[in-house]
Amino acid sequence: MTASQIIFYILSAFILGAAILSVTTRKIFRAAIWLLFSLISIAGIYFWMEVEFIAAVQIIVYVGGIVVLIIFSIFLTQQSGKEMAKAPISRTIASVLAVLFGFALTYLLIYKNEFKAGDGKFDMELSRIGTQMLSTGNNGFALPFEVVSILLLAAMIGCIVIAMNAKTKDK
Amino acid sequence: MIEYLQLMKHELLLAVMIFLFLFLQLGNKKWERSSLLSFINLMLFFNLVAGFFFNEAGMLFGDMFRNTELIWFEKNLLNLGTLIISMQSYHWLMKQDHVIEFYLLLLSTLLGMFFMISSNNLLMFYLGLELSTIPLAALANFDLEKRTSSEAAMKLIMSSAFSSGLLLFGISMLYGTAGTLNFAELSQHISGTPLQIFSLILVITGFGFKISAVPFHLWTADVYEGAPVAVTAYLSVISKGAILFVFTSVLYSVFQPVAETWYRMIFVISVATMIIGNLFALRQQNMKRFLAFSSIAQVGFILIGISGSSPAGGASVIYFVLIYIFSNLGAFGVIALVSALAGKESVDDYKGFYKTNPFLSWVMALSLFSLAGIPPAAGFFGKFFLLLAGAGKGNYLLISIAALNMVLSLYYYLRIIKAIFMDSNENPIPKIHAGLQPRLAIFICMAGIIITGVAGGAYEYIRSLF
Amino acid sequence: MNLSIFILLPLLTALAMLAGKGLRQVRLIALTGASLQFILAFVLFFLYYKERAAGNSSMMLFEEDHAWFASLNIHYHIGVDGIAVAMILLTAFVVLAGVLVSWKMSRMNKEFFFLLLLLSVGAFGFFISLDLFTLFFFLEVAVIPKFLLIGIWGSGKKEYSAMKLALMLMAGSALVFVGLAGMYFNSHDASGAHTFNMLQLSQLHIDAAAQKIFFPFAFIGFGIFTALFPFHTWVPDGHSSAPTAASMFLAGISMKLGGYGCLRLVVLLMPDAAQYYSTVIIVLASIAILYGAFATMMQTDLKYINAYSSVSHCGFVLLGIGMLTKTSINGAVMQMVSHGLMTALFFACIGMIYDRTHTRQIKQLGGLLKVMPFISTVFVIAGLCSLGLPGLSGFVAEMTIFMGSWQHADAFYRIATIIACASIVVTAVYILRAAGKVIMGPVENNEHRLLSDAGWNEKMAAMLLIIGIVAIGVAPFWLNNLISF
Amino acid sequence: MAVAALSVYTAYHYFMVDGKVNETYQSITALKYTWLYFGNGISIDMGITLDPISVMMLVVVSVVSLMVHIFSLGYMKGEERFSTYYAYLLLFTFSMLGLVLSSNIFQIYMFWELVGVSSYLLIGFYYDKPSAVAASKKAFIVTRFADLGFLIGILILGFQSGSLDFNTIIQRLTDLQSPQFIAITTASFLGVSLLTWALTLVFIGGAGKSAMLPLHIWLPDAMEGPTPVSALIHAATMVVAGVFLVARLFPLFAINHAALQIVTWVGAASAVFAAIIACTQTDIKRVLAYSTMSQIGYMMFALGVSGHGGENGLGYTAAMFHLFTHAFFKSLLFLCAGAIIHLVHSNEMKDMGGLRKYMPLTHIAFLTGCLAIAGVPPFAGFFSKEEILLAAYQSSKAIYAIALITSGITAFYMFRLYFSIFWNKETLLHNHHGEGTMSMKIPLIILSAGALLAGFVPFSHYITTDGKYLPNEFHPLFSIAPVLLALTAILFAFILYKKENDRPAKIVAAMGGLYKGAYRKFYFDELYNLITKKIIFNLIARPAAWIDKNIVDGLMNGIAAFTGWVSESIKGIQSGKVQNYALYFFGGIITLLIVFLYWWI
Amino acid sequence: MKGIPIEQILFVSTALFFIGMYGLFTRRNLITMLMAIELILNSVNINFVVFNKYLYPEKLDGIFFTIFIITIAAAEAAVAIAIIINLYRSHHSIDVEDAAEMKY
């Protein structure tokens, strides 16, 4: 039981715990916070796996972006601290069963399937990521980059259209 | 450099147009709307025409982007469909105050589909998929005042996020087991281990969600009903068509090693889709919702063609999509006009439609016949070839079920015909005075419906692409 | 002779119709088109005789073959043999008569004639096509116009009937499709390619096992069109709700589509399976014959009477086909032609009566012979033809079928034949009941005394059909030779 | 006219000039044209056959129909559908001639049907009288039913002999070596040989047309038609078609005893049966109708008792002879009845009486007819009847007895008729327009002559089974009994009906049930009503219609309804809740997983 | 790999995936549903990274995929939230059950 193992278990326990709490707690604001914790600990896992870049992105985009966005929207849409409505019990049961079953099945498959570790060395300095991100040749990700940028643009426009309308309504 | 221009012609044209419109929007010169629309449609038309020239096959960005004759034919189809839709939604857009945004979103989704079609790589595929989905959600919300519109948007974004989550999980498992994202390499690494079957199922469901195959179809009806007509038409024809292209090529190329398995899956899914779609379509009262279910049933038939897993199968699928564009858009064209100019969408409103609008009634009738697969409308040929391709596998159970489902589907199409031609109505839809562009669009559809079938050339051409 | 003209001519007429304005022009165009078809049919008839006389003994004449969907080996392949020629003649007769009868079509006349001619396109195309795909294509072309004709211009519970008819016929063609696909994929010509070509299929000889599987599909499919028991229920409703011309066409031609299909199936495409299933066919046919006849006795609506009697008469067609002897099959074809003319005449009469009296209930009619002698006479003639009076076509056809079926020495076939013969008596009963009440007897409703007799167009239509009937009845040999070349 | 002349000439020519080939009357087939070919040798050849019986029929038909045509000129004067009437009449004559001349069993069937339909049209000529319509329907349907038998008989004969041509059939089926003969006699159905079946069925056809028991019910009703029509069709020509048919196929009957027995007994039974009924009827035409029936019964059993060739062929000759004479006197009687009805405007005896002074000519003619039919020498009926009796006597005593009785009864009812029309009570007719026009008188005269003289035709010279000459011996001793019987019967009638009195009523009272039964025609109509109405309609047709409406059609509608129900009941899936959708989605995945990972690999 | 077998890491990600799914099924509040979706996407990210790092280290496909997923998740979230806000404006609630007018 090495330190890293312990760290991993702690982190994963934290991830799952936070996640479960965030999907079960009745207070929406707490849910958001738990989500935040969960995401942060996922970033932790990334660190643990020594993919710092992803971890950074994770923290920046999720923690810095999405969660904040969510929290804002919570403020916009309703007063915090109010209990959230429960789902009909039948569906809760159904989903619990479905989820447990699905998880069992999936994990069984994953477990059965013996992955053989690759031998090549894994290096990801920022430079390599950067060059690949912008290279157009093999293993180049310039095109996806472009596509994503257009996607972001489109998403922005979409949001603007709807939000703008919201403003006009508010006035 | 030149080959970039050539190979990515469709995409580049779209991108150029997107930015052009963006500047139009930002430039504070206010356009007179009708002329703006005509200008846009003109641009789309040029885009469509340009699509037919300087085509050549090849790969770009390593393996990220690929172009073949088949692919650019598909892209031209999508261009055509988009043009028709935008011409049809003329009257609706005249009332909107975010015309340019509408087109920006529309074109970006189209761009996404192009990338998706050309993708030779799971990543590109995924990106294209998202690019063609997320703006659509915004589009579905475009009737900003209507409750149903925003509800539809919500349903679309939520379920699509859910499905793309599953799809991603599947893709990740595929990556985990095969170690590559490239289609060509994938097909070599796929050997049919349980985990791969699992991921195959997830991928199929991802597609199934998009083409609204049962049981992943449930969002369809609500979204179609709530979204603006233009968007509904776009969803039901263009995005579905694009996905079908990719679906076919992915199944035929990437998952060729496990063809037997996915053939069975498609079989089950298509039977379910036909039956459920038909059964639901029987009782619909809202035109758009009705067409939603009918299009679900159509997907069931298309899946039969796919299940043929032969060049004939692929060809029949693409051929059917071509016909489907004309037929469905013919119907949607009428619906768009009626809902924009008379504000009526329910089947009962269409009673006695023939008294006031004989021409539109015939258009509707012809489109519905084509959808029902009644000769001489093109739909007959489409369906015939789909089923024939399916029968090629020797699975006559499937064919019989499909054939009987055609009868079932005929019932509800005839229901509409009955309402239009035979029923009487105290306050029928008033005479529709359609603008030039919608009329043009409708004529294109009619011509398509009549010609693409009887003239065997279209199918032969598509077949030659395989 | 270029056969495509039989498809093009009605099509062009129909299109020209769209240009026509007002009842006058429209019906004029329709009449011209129909009469041209009529003339053409005769031209074809004589050319055909000439060819045969010249000793051309190939199975089909005037063949034409263009690749349509080359990659699937689907061809636009047309040609005629004697049977097809007979059918084409029949179609030409009925269409012309139909146009004449609906001369005074009041509302939406343009659409009406358009659809009528579209139907004739379907029928002609069906009869001349030698490629199963073309055949199927035209078979379905002929379905939907019926739906519209019945639904828009019909009477009674027209929507229901129209829907029923369309759905059942569509189910029929769906089954046919399965059969076709089966044949297609079980046929490998020299190059190993599948084919829809009937002649090739008949030579390639699909293996018996496959035939056994797919014959029922195709046969029942076509059978639905020709009122095979128990899939005949669309017939009464459809016929009775349809407008006159439409029911003439329905009973006169479109039921024959099925019969013709069955015939081709049995003779050309799947002979082995036909042998195998012949007993089943015969049983069903006999049931249809007798049961249809008895069901007719109970009907009170003239159109229902004729519709059910059509079921019974088409039973003869199926019986003749099921008996599989050359004679009986000739008889079946004759029966198709004869029944086509006869029932068209019948429906024309009923239509005329209905237009005047606005009722088809036997109870409310009577003594029409006093009021409208011409129509009544025609009615009686039709009736006599349907009960198989010598000198009219029905007799010849039925007798040929009996002769053909009696050729089997086996008791089973004999009994079936006797049942069929027995139906003649029943037929006589219901026909005479109807005629006795409607045509003879005292005038039921005094308002009827004021009604007018047939107009020139109706007279012409009736005469046309009667000529056909008598021509067959008095001199059947020409038809017989035509068929059995 | 022309027709008549032509046919008489033909007859003359045939019998006197070139018919005879070495002392035998050949059957000449004048014309032969293949009308419809059925494959493997069987075909309908339209042809004209001339042989003794056909020529004889030719004469009868044409003469009688000529008379009727002439008579109708007067009788039908002023009818609105005069021309139609004549059209029908000619149609009938045409088809009757075709029938007698036809050379092909199928051809005879066709004309058979045509005769039937023209009779149908003529009976229903007064189409606005419901009773007439009903009668015409009845006539057609009953004969049609009989023809069914005929048709099947044709099928059997045709296929067993491999031909439809009379001569071929007879020639093949009579020589005992031919394969066809062996086939048809060995093959049997329900233990009866096919030949018997065939002949019986054919005979059923004949019986239907000739109103033999039990298919006679249509004949009396057929009197609804105009009287001349009854004279032509239902007395002289059409009704004897059955006899003609049997005669035509006689060689076959001759070699098949069973069938011949049936013919005999049916004939005898109808003869006596009809005669009895005739005594009770009050409608003069009905009386005549029943007498016709009984006379035809005569002919039938005459055929039945006959053998083939030479002496045995006597019955055959007699039958033909009687047919010949009967045609004359019966049509005469009918025409007289027509004249009477024309005068009185009623068919009922009670409206008549003492008419002799109004219509002397008719009176004489009618008397002649009665005497003829009663078989009083030297009238025509006498000779033919004697021959029949003789034949019967030679073959079986029982038949002879029946025949004798019948002839007595015949004499009785005929004179009952005669007296109660022309004598009995005096009825006075106001504004009566004489006895009718010349056109009505002439036929009466001619036919009376016929009735008087036809008997002297040396019939057996011409018509015999084998065409050879048959010396007709005449036994005065033998004929005493019948003549006496006839005379007594006439006397009896004279006593009862000469003057108006209550004796008949007394006798009726005495007879009681028997009279009633006879008066109600022994309840045959009721029986048939029972069968048709109750059984055919209510037990077959109605259920059939019901089944069709509710079960067969109900099945189709049921399918539709079921589909609708399913689609209604599963609409809950589309609940409108995204999360349910997601759940179904996921459920779908799980199902696929289970199915395709563990079950259907 | 630091003594942690890949299956265990995958256990975490799979569990996370299904937890997110559970949230998606049961949460009636749209925003919380959105959170659930984020969880799902994250689990997928972990998968990609793990696979890339431990199984196919020579290329960086998985890493890049993760990056793009994260970006897209952001865009998706943005649009979703915009829609949710719009929905809130029209329905005055962000409860999915309330947004179920269109059905059957």
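For reference, chains read A, B, C, D and E in written order, and residue numbers begin at 1 within each chain.
To be clear about the criterion, contacts are C-beta pairs under 8 Å (C-beta built on N, C-alpha and C of every residue); 3 or more make two chains touch, one makes a residue touch a chain.
Everything numeric in this text was worked out from a predicted model, so none of it was measured.
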Query raised in the report: In this assembly, which chains make contact with chain C and also with chain E?
Result: B, D
Requested in this report: Mind listing the chains that sit against chain B and also against chain C?
Outcome: D
Query raised in the report: By CA centroid distance, what chain is farthest from chain E?
Result: D
Requested in this report: Starting from the Cα centroid of chain A, hunt down the chain whose centroid lies farthest away.
Outcome: D
Report task. Give the chain pair that accounts for the most C-beta pairs in contact. Result -> A-E
Query raised in the report: Taking each chain's centre as the mean position of its Cα atoms, how many Å separate chain A from chain C?
Result: 70
Query raised in the report: Between chain A and chain E, what is the gap in Å from one C-alpha centre to the other?
Result: 5
Report summary line: Cα centre of chain A to Cα centre of chain D, whole Å, reads 102
**Report entry** Centre-to-centre distance between chain E and chain B (centres being mean Cα positions), rounded to whole Å
**Finding:** 27
Report summary line: The positions of chain B in contact with two or more other chains are 123, 127, 130, 134-135, 137-138, 141, 144, 154-155, 158, 162, 173, 176, 179, 194, 198, 221-222, 283
Report summary line: Each of the following residues of chain A touches two or more other chains, namely 87, 91, 94-95, 98, 102, 106, 109-110, 115, 118, 139, 141, 144, 148, 151, 155, 158-159, 162, 165
Query raised in the report: So which bits of chain D are touching at least two other chains?
Result: 571, 574, 576, 578-580, 582-583, 586-587, 589, 593, 597
**Report entry** Touching chain combinations (by label order)
**Finding:** A-B, A-D, A-E, B-C, B-D, B-E, C-D, D-E
Requested in this report: Could you please specify the touching residues of chain E with respect to chain A in the complex?
Outcome: 1-4, 6-12, 14-23, 25-29, 31-32, 34-36, 38-39, 42, 45-46, 49-60, 63-64, 66-68, 70-79, 81-86, 88-89, 94-95, 97
Query - chain D-touching residues of chain E, taken from the complex the two chains share - result: 21, 24-26, 28, 33, 96-97, 99-104
Query - chain C residues within the chain D interface of the complex - result: 164, 167-168, 229-230, 232-233, 236, 291, 294-295, 297-299, 308, 325-327, 330, 367, 369-370, 384, 387, 389-391, 395-396, 399-400, 402-404, 406-407, 411, 417-418, 421-422, 424-425, 428-429, 432-433, 436, 439-443, 475-477, 480, 484
**Report entry** chain B-touching residues of chain C, taken from the complex the two chains share
**Finding:** 67-72, 74, 133, 136-138, 140-141, 143-144, 147-148, 151-152, 158-159, 162-163, 166-167, 170-171, 174-175, 177-178, 181-182, 184-185, 213, 217
Report task. Sort out for me which residues of chain B touch chain E in the complex. Result -> 122-123, 126-127, 130, 134-135, 137-138, 141, 144-148, 150-155, 157-158, 161-162, 165, 168-169, 171-173, 175-176, 179-181, 221-222, 225-226, 283, 289
